[in-house]
Every structure is written in C-alpha cells, then in structure tokens.
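Look for chain A in each of the two complexes below; its partner is chain B in the first and chain C in the second.
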Partner chain A sequence: MTFITQSFRCLAGKVSRFLPHLPFRENSSARRLNGVCLLMVGAALLALFGADIEIYAVDPWQELGKIGWGLLLPGWSDLPALLQALGYTVAFALLAVAVAAPLGLLLAMVFHWRPIRLLCAALRSVHELFWGLIFMQIFGLSATTGLLAILVPFTGVFGKVFAEIFEQQATQPAQTLPPAATGLKRTAYTLLPQSWSALLSYTRYRFECALRSSAILGFIGLPTLGFHLETAFKQGQYSEAGALLWAFLLLIASLRWWLRARLIPLYLIAAVWLLPETIGFSGGGSLWQFVSVDIWPSALRAGDGSGLLDWLTMMFSEQVWPGLVQTLLLTQIAVVLTGVLVLLTYPLASRALVGPVMRWPGRLLLLVLRSTPEMVLVYVLLLLLGPSGLPVVLALALHNGGLIAFLVANASDAEHKSRITRADDPQGLKRYAYVETPRRFPAMLAFLFYRWEVILRESAIMGILGIATLGFYIDSAFEEIRYDRAFLLIVVTALLNIVVDSVSRRLRRQALPDTAQ
Partner chain B sequence: MSIVRCVLVKALLLPLLIILPVLAQAETFVFTAIPDEDESRLQQRFGKVADYLSDQLGVEVRYIPVKSYAAAITAFRNDQVQLAWFGGLSGVQARRLVPGAEALAQGFEDQFFKTYFIAHKSAGIEPGAELAEAVKGKTFTFGSKGSTSGRLMPEYYLRQAFSAAPADIFSRVGFSGDHSRTIAQVQSGAYQLGAVNYAVWENMLKQGDINEDKVQVIWTTPTYPDYQWSIRGDVDQRFGQGFKEKVRTVLLEMTDPELLASFPRKSFVPANNSDYAPIEATAKAIGLIDQ
Partner chain C sequence: MPTAPVLLQLTHQSISYGDHRVLADISLTIRQGEKVALLGPSGAGKTTLMNLLYQQQPETSALQPQGGGLVDLLSVYQNIFMGGLDRFSTLTALWNLIRPLSSARSDITAIAQTLGLQDKLWQSVDRLSGGQRQRVAIGRALFRRQPVFFGDEPVSSVDPLQAEMLLAYLLEQHETAVISLHNRQLALDHFDRIVVLREGRLCCDCPARELNGEQLDEFYQQVSSPVSGLPGNTDDGWVIRTS
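Presenting the complex of A and B:
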C-alpha cells in the first residue's frame, strides 16, 4: 500500500504541500473551486437528459442468485490452467512496464518538444483493448500483440507523468551545474536523483494498472485471466468466474509482499520464459496490407471523390456523431458520480474517521471495487437494470470511485499518522464534514480530473457490450472486417480523448492552480 | 548496482520480444474453432481433435483458441491458422479474404440450421407460425454481431417481415455477444425478446437451465446452412499434393463421439463454397458485406 501512498504524494505533491494552508487562502481560490465543481455537476445534470439511461423492469433474481453463489463458493477444477493464466497476466504486465517505463523516461526528457507531447497524447488516447485489436491484425494472436497493446499506451502515460514529476522538482540543483552541461547531463545529475523515489513509486502504481490491462486483454483472446473470465461469464459458470475474480483480487492485494525491487530482474527473466508460445504465426503477417490497404476506405483507394464523401457522410451521421455524443454524455455523468462515490466511500477506509480496525472492511470494499474489471460490473448491472447506458455509468463510477477513494483514504491515513491529535478534535460526522473532506477535496478533484480521460476511454470501450458509445461502432467494424471504419472511429475516439484531456487540464488549472504546472 | 542490472536486462529483452513470433515453427498445421456453446476448456477439448488430425494426417497439428469470429477470420487471413471451424457468415467473410479458400465439410445439423426467436413471458407474445406484429416496439437482443444464427438470419427475417431495419422495429436493439447470454438476458427480462441458435436452446433446455415459465420460443426461422470447416487454398503447396482432400476425408471420418461433442455435432458431411451462396447473398442484402 505504501507505494500507492507515495504515488499519491508524488501526483498530488503540490496539493498536499498546500493543504495545511487551505483555510488561510484568499476567498477567490475557494470560489474558483466551487465554480468548477458547479460547472461539472451542472453539465452532468444536463447530460442526464440526452444520455441513454433508461431503467427497465427486470426479473434478475434467478441469474443474480447464481452469480452470488458463484462468488461465495468459488470453484475451479483445473488448477494448472488457473496458475498459467495468472502467470501470463503477470508476465505481460511486468514486461510491458519494464519496457514502457524506460521509454517513457526518455520521452519525458524531451517532453518540452511539442511533437513529443503530441506523440504521448496520441499513444495514450487509444485504449489497450483497441491497441490489442489493431496489433492482432498485424501480429496475430501472439505474445507480441499482448505486450505491445500494454506497452504502447503505457509509454505515453509514463512520458506525460514522468515529465510532470520532473516539473515539480526544485530548480536550484540544476543551477549549480555548469551552463554548458547538456540536457542529458542535467537529467542524469539533478532531475533523476531528485525525483527517483517518485518515479519508482509511480511505476509501481502503474504496474497494478498494467495487471488490470493484462487481465482484460484476455477478453479479446490473449491467454490471460480475462480469457477464462469472459468464458465463465458467458457460459454462466459463475463459481469459476468467482474463482478467477478472487484470484485476481489476491494478486493485487498481495502486491506489496511480492513486488520487491531486488527480485524484479529475476521476475523479468521468469516472465520472458513464461510468455505464451506463438503458434503458427510466421512473422510475415499483413502489416503492409493493413497499413496501405485495409484501413483506407475503398473509395479513397480508387480515387473516387464523391464515393469518399458519401462514405464519410454515412459514417459521420450514422456512427461517429451518435457514438461521440453518447460517449461524452455517459462520461460526464460517470465523472460526477465517481466524485460522489469517493465522498461517500473514502471515510469507510480512513483511520481518522472509522478507526484503525473498522477501516479494514472499507479497505476490502475499495479493493474489490477497483480490482473488479468494469466489464464484469457492467454485466452484472445490466442484468439488474436492463440494457442502457446506466450500467456503464454505474460501473465506471464504482470502479474509478473505488480507486480514487482508496488514494484519498491513504492520504488521510498518512496525515493522521504524522499529526498530533488533540482532545478537542471533532469526531464523527463533524470531523468528516469540517476537517477531513475539506482537506482531501482539492486532491480528490485533481485525481478526478486525471481520471476523466481514463473514464472517457473506458466508456468508449464499454460499447463492446452493446451500449452505443464509440466502442460499439468500433467493435462492430472489427466484427464486420471493415478496418477502414474501425480506423476512422479509433482516430475520432483518440482526438476526442485528446480534447477532453486538454479541457480537464485547463479546468484543473482553474480550480486548483497549485497543482498545475 | 541492482539498477544497472535491471536496465541491462531490460535492454537485452527488447529485441528478443520483437523477434519472438519469427521463432515459431512454420510447418505446423494449425486450426481454430469456436463452438456455438460451451467455450470452456477449449484447449483441452480441441487438443484431442488436434491429436486425431495429427495421427490421421501425419503432420504436427496444433489448435489455438480464439474469442470471436473476427479473431478467427484474422488468424485465417494471416495464415496463422490454415483450417477453421467457422459459422456460416464468418466462413463467407474469411473465404472472401483468402483467394482459393474452400469450404470442406459442414456439421450434419448445419445443413438445416435454424434460429429461434424467444420472448420473456411478460412481453405477452404468443408463439405462432408468423412473426407476431406484437414484437414491434419491444426490446430485442441479437447474439454476437458476427453470428449467422444470432444475427444475420434473424435480421434478414425481421427485415423481410416488417420491411424495416431492426432499430426501427424495436425500441432497443442489443448484442448480447453469445447465445447462452441471449437466453440469460431474456430470461432475466433485461431484454424482452431475443434471437438464438436453436441447438443451444435445446441443449440448455435439456440441462434445465431454462425456466419455461419465464421464457419461450415464439417463432422459428426457415432453415439455412451454418457452421462449416474452411481451409486455405495454399495448403497443398505447403503440406503436399492432395493434402486438402486428405483433410476433408479425415474430417468426414471423424466418428468418435467425444471429439464430435466438442462442436457439438452428430457428424460431418461434405460441403462446398456454393452451399453458402445464400448466406453471402443475405449478408449483402442487409449490408454486412459490401457488394
């Protein structure tokens, strides 16, 4: 857990530094904060009108009962297969992070170049599953596909976050270097040593994210946990699904015991050895075919201008626009709901609010929320609420709320440990309302803004389950072997993501000037 | 020190990862199959099919599991697999992408496959010889987007009955992704109606997974050809003259009930590309395949 605490500190470094002074700040900062919150909530309320969030009268109890029993009485007959899937899940995540983190570090050093910033934004704007679908066309079902699907977007994320960590470092040490020293030397002698612990703890945090991504890649056919999980849910074998979910929870919960710096080289060698063998793929593939033919509409290849226009008009009016609108609306509602959920759940896991013992059930709840793949949550909610965007919104809010609440609770605990308590400290609800929440709020908001683009990517992805976000049309295009459509839609999704990312950065700067660069 | 070592290991790994796929053996005969139900323990079950094929054909045969028809088509097109057990529609799509590819054999049941339209009792739709007008305005789910029995044929018959696209007939159209899930979602009332592969319905009924007080069949489509084995056109060059015919014979002679149960089919019977012309025409008619 400590590494997440540390990563929290590094991400919200400036936030936590200014937190104790919050009550003494001038009024305008609080007003700005309120303004941005109001704007977000208002937008979400407006989105409620346009979003597809109907509730259907359903009769889910037979199915939900089966799911409940499966979770309570997990069973798995084939232990070697389970261990193998766990092994693959860890191997993909570990190797991908081991390659992506150094690459991200290199990119972070030249992050001031606009093309590099754009490159990073582009890499991370496409979800791992979509990268996976793309690489599968080129590298088949292979270890390469799995590794690239994680490491490509992660490189973009590492580049951005490492650059932000660098920017938070004091500049005095760099000023002691001779003026002629090159950028590389500056990085090596000042920035790296200064930010080393922050870089490491963030990398460890991303490893947990990589485990989730790796598991989820199983949904498109890689042999990780998600492969069996998808099958089990599809076939209604809920005790097997339960076993897989519990195994994954244990994997995440036990990270702090097995993820040791000294053991990592050993793990890396083991991971290479463990990687699934690629069967039947001779390496040629159809890279060139894919890049030069498949992804371009046939009208464009034929030089048929009016045909291309027809195609674009059809795509825009039937898929791009409706998908884009639904994705944005659902995302907006999910972001605000995530915030509400954080406010409701973080106290359950905080030492200062519920005490050192009672926080453990809360922590378990948050662990379950953040580790259960959203796809699984959506599936269960779909049975409960019927088919609409509502299950997607709720699942995203539960998952991301669990994640942020966990970070917020950790920050609260970290501060609690270091502070001297007073006899007249308020307790209970008063403490929640007047002490903890105001102190945690700016950092929570900062996280929410960070997660905004993630929630957007994920609500696009949820389309795979049949809710008409952009992912629905992308998935359909892949299913219909229409890569030209898939390519256009992925580019649109990526652009949307980049726009939302920059809006969220601007809002963050508005609301929390102290966290912005 | 450990950092240096760590970095070194990483540096050594990178090229290794990129060349991994190239190291795979080329002259293994690889196939894939997605059964229309029970996708658990695929490797174990189809591993036995691979052993059978290997014994009979005298070459190394491997099986790779895939998650979707699209993934099977991609693997077939990329020559990662040379033989595949496709649905009717995915077979047509795959053979269009691989010149010379041929349908070899179909399941006995696939000569006259059909789709059941099912409804939750609360929808109040009575079974009949025609698709009832009352289905209009209800919620409806297909199976997977690329499925013949869960998508292509039901959509075709819906369009024929109502001269409208499914989205205009129903208040909501979903894709459950799988036949078992279609049944589960209609049974739970998440959708009022669904279209499902008849064989999956019959089997789940037999196993007691269906509560007929909640969900029932309201209409059955006319029959159409479905699942088939398709093989790439270049296998004779790679595995020797007459290899394609040998594969066909070996498939038709597969009689071990344990092997057949994996698909699950009674037996395999000969098939050829022209058997699937109706499927291709239907797919073109509803715009799933470009003209």
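Presenting the complex of A and C:
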C-alpha cells in the first residue's frame, strides 16, 4: 500500500500543465479537471439507458435483514473445515506470489524489449478466473490449476509495475559504474537496492490482492474460502457465510502482524505441504490437444471459409457484441459511481474533517469495503436485488470506492498539521469543500483512471454469476465444452482490456502529466 | 604540455533543451596529463559540459557526479566496491552482496582509511552526513582505478581543510582530471589550467599561473545578478559568490 501512497504523494498538487490536447483547453486547472469529469459523467448517464440495471427481487429488505443478522451473529458448525479453507486460500496466494514476483522481476529487467511488454500485457489482460477456467480444462480441478490461475496474470502485473518502479529511480548511480559492468550485476548493485523498499511494499500489496483472487477461485470450484461462501449463501446459512467473511477480513486486517520476512520461508514450506492433492483431476485434458485442436473453430480446422465466416458472424452478433456493450456500459457507470462514493466516504475517515476519534469507524468501514472481494459483494447483492447489472455496478463502486477513499483519507491525514495548514482554515463542510476536496481531487482522479482497467476486467468476469457481460458467454461456452467460442471471447475481452488500459493511460497522461505510470 | 596526445576534444559543440540553450559553440581540447578546473556561476552549463566530455571516454574514466550517485540501501563498502564492478564476474559480484570478498575488503578498507570512513564501512549510506556521503562517492571513483577523473564539485560538502587534502589526493591519483569547483583559491593552487564558463559560453581558458583571484571574480561579477553589487564580495575572499 505504501507504494500507492508514495506515488500519491508525488502527484498530489501537481496539475499545472493540465490537458494540453483536449478541445476545452483553459487556463484554469479546475476547469480542465471538471471538463474530464463532465465527460465521464455524461458517458455514464448515456450508459444508464443501455445497461440492464433493474431490481428483480420481490423483497430485498427481508433478505438483507437475514444477511445482516448472519454478519452480526457469525457462527460455524465445522471449525476444521473453515481453517482448512483459510489455509488453502493463503497457500495458493503465497506460493503464486512467491513464483510470480521473481519472474516479474526478471521480466522487468528486459521490459524495454517490445515482445516482453506485449507478453506482460496479454498475461494481465485475462482475469484470474478466466485463467482458472482455461487451466481447469487441462489440469482439472487441481492445485496446479489454482496456482497457475493466480501466478500467470500476476507475473504480467509484476513485470509491468516493477519496470515502472525501475523507471522512477535516479540514473546517477548507474552513471558512475564502469560501462563494462552490464546485465545482472549492474541491476543488482543499482536498480535493485535503489528500489528495494518500493518493490517490497508493492509485492505486499499484491499478496493482499492474491488472497482475494485465491478466495474467489472457490467460485469455480477450488477448495478455497469462496467455495464455502458460495455454498453457505446458496443454502441460506447466513451466519456461516458471516463467519467466513469475518475470517477473511481478519486475515487481511492482520497481515501486518503475521506477514514477516523471517517467517516467509516457513510459510512457504507449510503452503507446499498444505496444498490439496489433485482433486478430481479429470485426466482427459491434454495441453497439446487443447492448444492445437480444441480452441479453434471446426470450420477453421476444416479450411471451410464460408463456414468460418458464418460462425464468426453468429458469434459476433449473438455473443461478442451484446457482451461487449454490457461490459462497457456497466464499467462506465461503475467508474463514475466509484468517484461519487469516494467523495462521500473519504471525509468519514479523515482526521481533519471528523476528528481523531470519529475517523476510526470510517476507517473500519473503508477497510471492510476494500478487503471484501468484489465477487463476494456482487454475489450478496445478487441475492438481494436479483440478476441484473445493478449488483455489479454497486459492488464494483463499493469495493473500489473504499480502496480509493482509504488512500485519499490517508493523504489528507498526512498533511494534517503540516506546514500548509493554517490556523484560520475553515472547518466542517466548508473545509471539505474549500480545502480538502480541491487538494485531493487530482490524485483521486488519477486513481480512478488507474482503477478503470481493473473495473473493466472485473465487470467482464462478473458474467460468471449470470449477468450478461462477456464473462457470462465465456462461462457458458466452457460449460458447453465449446472451447473455440470461449477462446474467441477471452481474446476479445483481453483486447478490450488492452484498449481501455491505453485509453486510460493516455487520458491520465493528458489530465495529470505527473502520473504517467 | 603541448606534446602530450589529445584525450578529449569538442569542436563547436552546442546543446539546447527546448528553447533553453545550455552550451553554445564550445571548442575545447584536453590533453593527457592536464589538470583542468572548471569554474563558472551555477547554471552556466558546467555539468552538461562535464557529461559531454565524460561520454568521450567512459571506459577509462571515473565519474563523480553532483550528488554522488550513491545507492542508499547499500553499505559504504558496497558503494565503493561498485566502482570496480567491471573487474569481477557477475557471480562474484552477486556473492559479494551477500558476503564481502576478502580480496576487495583490504583494498576498500585502505581507501576508507584515506577518506576517514573506516568506522563507517558497514553502515548503509543513508545514515551518513552530506560530507561523509561525498567522501563515499570519492571512494567509488578511486576504486574505479582509471587514469581520467571527472568530478562535479567533488569536495563541496566537506570542510575546507579536508577539501584541500582530498582534492590534492584525487589529482595525485589520476593522470588527467577535469573538475568543476566553486572555490577559486583551490582552483588557482592545484590546477594547471582554468576554464571559465558563463551562460553556456567559454569565457576564459588559460593556464592557472596567468590568473589571480581578482580576475576570476570579474567573470562572476559580470553576471547581472543582485549579488554582484553587494559589498560583501571583498570580505569573503575564500569563496566565489555564485548567485
């Protein structure tokens, strides 16, 4: 988290050269920022017309009451099973990060090489759950599938982010080295020690993400927390579900106490020992068969040109296009809603706005929102509101809003009583409107752009839960064992992700020149 | 030394960053064995000129940039060791990060003793003062063991007595040296040749013995800055006012 806070600090208050290429170029930074916001909000309002966001449930309040009681009065009948699920969740996350981080580091060292950049972009543009579905066809419901599902996309993320961290380092130390000293030893003496703390804190943050990914892998059948959570919700055992959720939140909240550098080797050994043995390995999947035959449409394999064209037309009009549209619409609404939520919730956790004591409930709320996996939130909201895009939009806004608001509140606290504070600063709402929000706004916007790509990936994956985004069609294709369709849809999703990533990076660069990463 | 071979040469060299002209039409020849002091107000282009010269012979030169280029997390020993990285294989160099090599240890201890850093050898450099850090940077340049030295204000943060001693040692250890300074007395006392840069142009290039302090002051006072009119200039003969 410190990694993000650090980049937060360096971008706060640097909006001087703002939006040089947009048509509404003005001499006021605020006006330019507002211009971008207006664009985003306008697009979201348009999206409201096309998106499926109705409430289908008859009586959401009754169900909400039951879930609320379950959360307040958690209970479990089978403690060993709960502990085992927690153990699996941690084991997958730990081993995956332990492999992905060093791999990412190696990729980061050769990141200037274009094929490596493309490889990283491709790896991270496909969601963990989709990787899980792919590997499940080959390795069955096994530990290999769980590990690969996390470590493959995480390697891509590590490669990119580590390379960005390297780029931020001063070049002077490298200049004083003998030009003949190249490669690994050059990096080992300069970039690596220079960026060590940034690398570590990012890896730590990613481990937290890996725990969430590992938990939700249960939704596709692996024996992690998500599996038990889904079962408990399906059977209406809300107090058990509550216990699982609290256990997960405690696991994340206590990270700083149990994740110690010295203990990590011990944990790794324990994780290997703990990993579930191959569970129900289907055995039928062969990697070569899958890659060379299964994922290609039969018309293509037969060399039937018109058949292929028919297949593509059918796929595009019935699945790709509707899935794509819903995914984009929901993403746009979710992004804007996230922004609104940040503006509403960050003051609750800020010392300057609610005081040193009252900020703790706010911080707790944001921490819970941040730590709960999006998919679990969606799942709960689906039970309440019925199967539409609304649960997805709300859940993504709650999770990401909590995450960003937490960082914004931290930045506000970091400036509390610093040199720029004045004795005659206004208080209360006036302070919120005139001091805190304007100061935090550029960084908040940068974070929002940063999360755009993440929100898109998530809203695509939520289709697994039955909402008609791209994930829905992918999941159905896997269920019907039509790998050719699944492959096409995953490629489309990945491309969409790469496009949105580059659009958001461009917008970020124009809007906030100092947040290039 | 007109007979010594030419080591570094610039002819009509200009450099601009955007609209800002940093160096304008610089022609400069430096021969083997010359000790050149580079003077001039801040922002005159000294660092740019230094980097330009360094790039002509990076393999045989030791560079000490402003700020030193230290790696904070590493110890004084490792920061000095880095200067000799080309003399060790990758595996040896990586092993040295875990367990310092006994062979390099004695050499670097000797360098640290010369620099007065023997007590700090195993401290990470982020715990050191500005003067100590600068001495570590000097240590790295010494461990490079090259005939040419480029230093961008290499002794600006150490106390005057030590500065003079260290500068003399650096000049003695390197056959050829190009060093930028703000201290005109050190320049006059220790160098054969003085080059003065102002607003990106060479405005003086002559043997040190033909110059004196007052002449050097004039180069600075021509700059249209409020300081040039201050009477304080004459009380402080030791440091050249820069801005």
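One rule holds for everything that comes next: the second predicted complex is superposed on the first by the 457 of 517 C-alpha atoms of A that agree within 3 Å, B and C clash if a C-alpha of one lies under 4 Å from a C-alpha of the other, contacts with A are read in each partner's own complex, and residues count from 1 in each chain.
Note that in this section a contact is a pair of C-beta atoms (placed from the backbone, for glycine too) under 8 Å apart; a residue touches a chain by one contact, two chains touch by 3 or more.
The model shown is predicted, which means the values in this text are computed figures rather than measured ones.
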{"item": "Partner chain in contact with A:43 - chain B first, chain C second, else both or neither", "value": "neither"}
{"item": "Partner chain(s) touched by A:183 [first = chain B, second = chain C, both, neither]", "value": "second"}
{"item": "If touched residues of chain A are counted for chain B and for chain C, the larger one", "value": "B"}
{"item": "Which of chain B and chain C A:193 touches, first, second, both or neither", "value": "second"}
{"item": "Partner chain in contact with A:299 - chain B first, chain C second, else both or neither", "value": "neither"}
{"item": "Which superposed partner A:172 touches (first chain B, second chain C, both, neither)", "value": "second"}
{"item": "Residues on chain A lying within both footprints (that of chain B and that of chain C)", "value": "none"}
{"item": "Contacting residues of chain A [partner chain B, same complex]", "value": "56-60, 62-64, 78, 81, 95, 98-99, 102, 136-137, 139-144, 147, 219-221, 223, 227, 230-232, 234-237, 240, 261-262, 264-265, 268-269, 272, 275, 277-286, 298, 382-383, 386-388, 465-466, 475-476, 478-481"}
{"item": "Contacting residues of chain B [partner chain A, same complex]", "value": "2, 5-7, 9-10, 13-14, 16-24, 26, 28, 30, 37-44, 62, 64-71, 73-75, 77-82, 93, 97, 120, 122, 139, 141, 144-146, 172, 174-178, 180-181, 184-185, 187-191, 209, 211, 214, 288-290"}
{"item": "Chain C to chain A touching residues, read off their complex", "value": "58-59, 62-65, 67-74, 78, 81-88, 90, 93-94, 97, 137, 140-141, 144"}
{"item": "Chain A residues within the chain C interface of the complex", "value": "170, 172-181, 183-186, 188-190, 193-194, 196-197"}
